[in-house]
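Mind having a look at this structure? Questions to follow.
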Amino acid sequence: MNETIVTYLKQFEFVSRGYAGLSPHMATLVSVIIFGIFAFVIVNVCAIIGGLGTYAERKISADMQMRIGPNRVGPYGILQFLADGVKMIMKEDTVPRDCDRFLFFIAPFFCLVGVFATLAVLPFSNGFILTDLNIGVFYLLGVASMVGMGVFLGGYSSNSKWSMLGGMRGASQIISYEIPVTISILSIVLLTGSLSLRDMANAQTGFPTGWYIFHNPFTFIGFFIFFIGILAETNRAPFDLPEAESELVSGYNTEYSGMRFAFFALAEYVEVFVVCSLASVLFLGGFKVPFDIGGNTIIGQLLQVGTFFGKAFLLYYVVIWVRWTLPRLRVDQLMTVCWKYLTPIALFNLVGCAFWMYFFDGKSILTLLLQTGAAAAGGHH
Amino acid sequence: MFLKFLFICSSLAVLFGSLMVACTKDIMHSCIYLFFCLLGVAGLYLTLNADFVAATQLVVYAGGIVILMVFATMLTGGSAFQAHNKFGFKKIPMMGSRETYIIGFISAFLFIAITFKLLLNLKEGLTPLSGQMPFETVRIIGHKLVTDHVLPFEISSVLLLGALVGAAMIARPRRG
Amino acid sequence: MSQNFDVYIPVVLLMGFAIIIIIGALIVGRFIRPHHPTELKQTAYECGELPVGSAWSFFNVRFYVVGLIFIIFDVESALMFPVVTVFKELNSIGKGGIVLVEILIFLAVLVSGVAYCWRKGDLDWVKSFQNTVGNKIKK
Amino acid sequence: MINLYSYLGLSFVMFLSGIIVLVARKNIIAMLLGIELVLNAAGINFIAYTRFSNANLDGHIFTLFIIVVAAAEAAVGLAIAIRFFQIKETIHIDDAVTLQG
Amino acid sequence: MEYSICTIAPIVLLPFFAFVINAFIVKRFTNIAVAISCFSIFGSFLFAARIFNDFVFGVYSAGFHVHKVFTWFDISATGLPFKVDMGFYIDNMSATMLLMVTGVATLIHVFSTFYMHDDKRYGRFFVYLSLFTSAMLGLVLSDNLLSVFIFWELMGFCSYSLIGFYYEKEGAGDASIKAFMTTRVGDVFFLFGIVILWSVIGSVSFVEIYKAISAMKLQGLTVLGFPLATVAAASVFMGTVGKSAQVPLQVWLPDAMWGPTPCSALIHAATMVAAGVYLSLRMYPLMEAGHMMTVISYIGAITAFGAATIALIQTDIKAVLAFSTISQLGYMVMGIGVGAYNASFMHLITHAVFKACLFLAAGSVIHSLHDHHTHSHVQEMPRMGGLRKKLPFTFIAMMCCTLAIAGIPFFSGFVSKDRILGDALYMAMKHSSYIPVAVLGFGAALLTAFYMFRMMFLTFFGEPRDKELHDHCHHEHLSWNQNIPLLILTVFTLGGWYCGSIMGQPFGKIATERYEWFQTLIEKPDVAKFKDYYKDNLIGGKTRPSISTEKSVYDENGGLSEEQAHHVHHAHHLGAIFSVIIAFFGVFLAFLAYIRKAIDPGKIVNAFSGWSRALQNKYYFDHFYKKILIHKILLRLNNFLAWLDLGIYDRYVIDGTEKVNSYMFQFAKWFDNLWIDSILVDGTGASVRLFNVVLRTVQSGSIQFYFIVILAVLTGYIIAI
């Protein structure tokens, strides 16, 4: 059955008692309000994470380049993103004369709607999921594919050559890299037997030994394919060709200014967070805490949320790290990497996982090693 | 209540989108309206308890087909291409531009009205089965795909193969 | 019944939030941001040059071929999802082998198509690029 | 109240506009959009009948295959349109009259 | 034991896929294609071996079978009660048959890599072999007459292609057409039989037919005054006659030797001709219901004896084997006729093994004798002799097989043939009408021993008669694809594999129980057991042990009462003693004639010159068909029709018409000038031009216009209904 935050809250007696006295319509209304509160919280948290992402990016890059980075606004410059936001909203909103106004207006919606809708299924903890759809990861893929459309439309509608090139590149890159990502996810679905993200996290354990990344050799390779894929899907370096500033000015959002530009940037940074947390859920155990400390209590949930965010931020750090370490790929190399390396390997992984399931009945490689070890030891006695 | 809300939103998207596809001049805008329309269809599928099909609709249509459409639009001159009537009234009276809409509407309406009248005759046993539907459709679809419907499943891969090879051959840039 | 559909409320809510944020920010911004359009400001930025012609005309078929292969794989993955989901269940009742064979056949057929495209050079960005350049020069 | 006829009505409108697009618009790609509309209308009908008549999910599977076919059809159709454009430098449907008697 | 589609279907599909793949790659990658063929058939062999193991050494009893079906088509909605379920039907008999076919075919594939290696169409041969094997296996696994018929025809086609494999030679082409046309005669009857059965039963499945027979559905029905069961049984049996080369349709088999020797081994000895007998065995209840037993036994006996006599004077080594094949097939059919179901099937298996071995050995001999003058291989026995030293392994193999076919104790042929003869003797003791059958059967046994040993002596013993040929023949070495298949087959010519007793009869037994698997497990289909029978679904559903899974125990009396069993045993003992004596006598005669030269065969031939000429011409069957049936009857019919056409029709009708015409012409000329030219022709032109304008407009080439027309027509159509 689909778990939502409301069904989780109904475990507590006062909530369920309160629900019992409501008419169905009122119950729905109350649910909407509860959902609204939590969704609002999550959206804000993620927006702040996205904002902090820009800050982190600048700070980490500064660190790597032996600079100081933003340090004026707030302690260690941590409020820089707020200042940027305020600056953005104060900027003039120019719209190119020759652009397609309708599409120019609508393009940011695609990006932001697509990214925000993915937040609905992220399992922050065992109970704290907005909604645990049983087609969770598939839904996430579907909604996230709207971003590609937004990028393309942003590039197209500006009627500028750089934007157009960036948009085309962006769209084709996003859709191309969706394939290895999807196939890597398929192999995890194969191991879990469910599409729900919470089930996937729950099928793993708190210790790295139980994570899917160490489940078998195929998932180990699969994690790296997934990670490379999400880098490209979020237009992060070394795959930031759609916004390659040395070639395309700023890529698909060249003509956007002020708040409209801010939405693209926000969408991008939130998406990075979303895919990082997705990677952590699929491969790194998600919200699982070692020994399941805290259990199902509030403390436990908070610990799980902490673990979740910790893993996601770790990956976020790696993403930024990669950006400032690796040079950008050429566009032909980009396509070669996707279609000639990642996709065949991902398909091979999928088949390999299926065989693994078939022959070893879904046991992880560590379990198998331990079993053989135990058997061998038993044989000597 | 939420069901109704979802239904109303989706149906508005469907109605608006599909009518705008027909009525917009700019092909790129048509694609976007088609996108809305398809999103609405996905919403309708959700209200009909078909969550997996709805997600497939999103993944394939929203993420795939529409993008392909806009790519193809770009490759064929984009919105710069303005459709105008080449034959004009004289040769074939039916192919005028405004008249086309009128005649198209009338003939289509007639055809569809009659077809749907036939469909509506299938009334028996059409009470909504509330609560009886299995909610986890993806599992049932999976089971069906590997047992009863395994042949269409395999053949669809052949269809996709044909589409891939054929389309790649047609669209491939050629020498000379 | 209605309880079941409640799971979709956050989806709609989040989409609504996104739309509200954009529209709200734009409306709020309208009151505080300056608005002084000039002719030059409103032209597309092309590194300081005045733009020549429309941007909406020149594109290469290779983008389409990429989209094409993508959509085939997209559909393939959409069909694979339910099958893969039930694989574990069926494997536990001993029908894993037949499903495995089905998956293999399905993938093999598709992979043969991709292999064809690979062989024919549809996956090579540079090669098809050279071809088209050659075309243009010959013309 | 939402019943079968609401869905049938919606698919009616979708089908109608699909047919109108097919008949009236001159752009080949626009006609392909019309075909997508028609296919989706059929899909809605399938799902609606599945929901309102019987409990087995064959309709869902049929719709799934409709989507598959639509994808294949769009891929090939658009490829043909692009090729046509490369040859004739236009995608006006009235230029595709090689079979004229 | 669970049987799923995955464990049954590969038996047919492996060779079939090999055929499909090889058909494409054989030109480029001949060796790979050959390897694919060989390994695919070996794969089928493994699957078949598993099934055989389950059925024979598993826990199954005689009646057990596995039946998996899916509906191929069902047109019962249209009012015709016709529903065809395709499926697999495996019982002990088909399990044994499967093992035999796959095993023999595997060895023949291996041998072919030796025999055909230098042929220019080396690869294509294997393509045909694969298709043929898969068709044969499909036939064995079929659960209904229609799919039997499909595979039957497929085998006919393969046989046609393989007989005409060397199509440059004129004889090969003619022989292939002859084989095809002759079997076609039988097939037409067979199809007719299928249609008759369907019209009554509404299904062509074996199980449904058994059901109908047990429910007495066929009784009281007649076709043109004959009882329906008899007509159906006779028609189906005609299929057997055609395929298994029985009198009077036996003429194609000797000519089939134009094909390469391995294909003769596979098709015209081991498997395809056995298909006819197999069909008769499957349809045994129908034959019984149609009271066809006497006719069948007579046809079998005449074939057995007649073919044996012809074989006496053949000089071509393959021809001798061909006629011995016909003769042995006659034994099997005779066995069916006298009710020796078990023994008949056993003879099918044993014969397949030793006949395949004999043909392969003959192939080995032929291959090693190469005439350097004509650049061809030698098949004529008068040019052989003394090959024993040169070809030791081939000699061993051939000797064992000859012993087997001659019916010498301890060898498989004795066990099976002797049981058929024993039953024939028993029937003859019961009904005097069977006496000629028994006499012909024993006579044929004598002749078989004689001509087989004649062949052996002429080929391997004595002095080489063609010195040059003999010297050119290389000494044989043991090689994996030349001798090993022969020796493997040789091992299975021993009687102990099929029967636990020394003599094949209930006396002199050394072991019973498990060694008597053949007699225990293969029994006549008991139609009463099929009364309330339902089928399993192909996919999914469980295999239901339909009758029982308890292992049958060996019953010496075969279910008969003590007294009856005594009579039967008595007859059998008598028959065994007779046949042993007769076999040794035949061998002794051959020894006298060809080793000791005590009897001069030439003298005997001169003494019976009329007979000998008749034998040379194969009892004038070919003459009859060619001279009388074709020249006298069909050609006369042709001439008569030609006479009707040329003499009557032309002279009177045509010439008379001409006269009338010349008068008409005057009138017509006038009419033509005025009416046709000026009014109709010009008018038509004008109207065409008029329509042209309309049609050009309609045929605009514009898709959208067409679309509107389609919509309009559909709308009109829907309104109309």
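In this document, chain identifiers A, B, C, D and E correspond to the written order of the chains, with residue numbering beginning at 1 in each.
Throughout what follows, a residue touches a chain if its C-beta (ideal position, glycine included) is under 8 Å from a C-beta of that chain, and two chains touch if they have at least 3 such contacts.
Small disclaimer: the values here were computed from a predicted structure and weren't measured.
Fewest steps needed to get from subunit A to subunit C, stepping only to touching chains, is 1.
More C-beta pairs touch across one of D-E and B-D than the other; that pair is B-D.
Chain centre most remote from that of subunit D: E (centre = mean of CA atoms).
Ranking every chain by how far its Cα centroid lies from the centroid of subunit B, the top place goes to E. Spacing of subunit C relative to subunit E, judged by their CA centroids, is 60 angstrom. Spacing of subunit B relative to subunit D, judged by their CA centroids, is 5 angstrom.
Computed from the mean C-alpha positions, the centre of subunit C lies at a distance of 20 Å from the centre of subunit D.
Remark: subunit B and subunit C have CA centroids separated by 18 Å (rounded to whole angstrom). Contact of a single residue of subunit B with at least two other chains is seen at positions 1-3, 47, 49, 52, 56-57, 59-60, 63-65, 67-68, 71-72, 74-75, 77, 79, 87, 95, 100, 103-104, 107-108, 111, 135, 138, 141, 145, 156, 160, 163-164, 167-168, 171.
Listed for subunit C are residues 2, 4, 6, 8-9, 54, 56, 59, 61, 63-64, 67-72, 74-75, 77-79, 81, 84-86, 89, 97-98, 107, 114, each touching two or more other chains.
Multi-chain contact residues, meaning those touching two or more other chains, occur in subunit D at positions 19, 22-24, 64, 67-68, 71-72, 74-75, 78-79, 82, 94.
Chain contact summary for the complex, subunit A toward subunit B: residues 1-2, 24-25, 28-29, 31-32, 100, 102-103, 106, 133-135, 138-139, 141-143, 145-146, 148-149, 152-153, 156, 168, 171-172, 175, 178, 195.
Across the complex, subunit E is touched by residues 19, 22-24, 31, 93-94, 96-101 of subunit D. Across the complex, subunit D meets subunit B through its residues 2-8, 10, 12-30, 32-34, 36-37, 40, 43-45, 47-48, 50-55, 57-58, 60-61, 63-65, 67-76, 78-83, 85, 90-92, 94-95. If you check the complex, the residues on subunit B that touch subunit D are 3-4, 7, 11, 14-15, 18-19, 21-22, 27, 30-31, 34, 37-38, 41, 44-45, 47-50, 52-53, 56-57, 60-61, 64-65, 68-69, 71-73, 75-77, 81, 83-87, 95, 97, 100-101, 103-105, 107-109, 111-112, 116, 119-120, 125-129, 132-134, 137, 140-141, 144-145, 149, 152, 156, 159-160, 162-164, 166-168, 170-171. Put simply, subunit B touches subunit C in their complex at residues 1-3, 5-6, 9, 46-47, 49, 52, 56, 59-60, 63-65, 67-68, 71-72, 74-75, 77-80, 130-131, 135, 138-139, 141-143, 145-146, 150, 153-154, 156-158, 160-161, 163-165, 167-169, 171-176.
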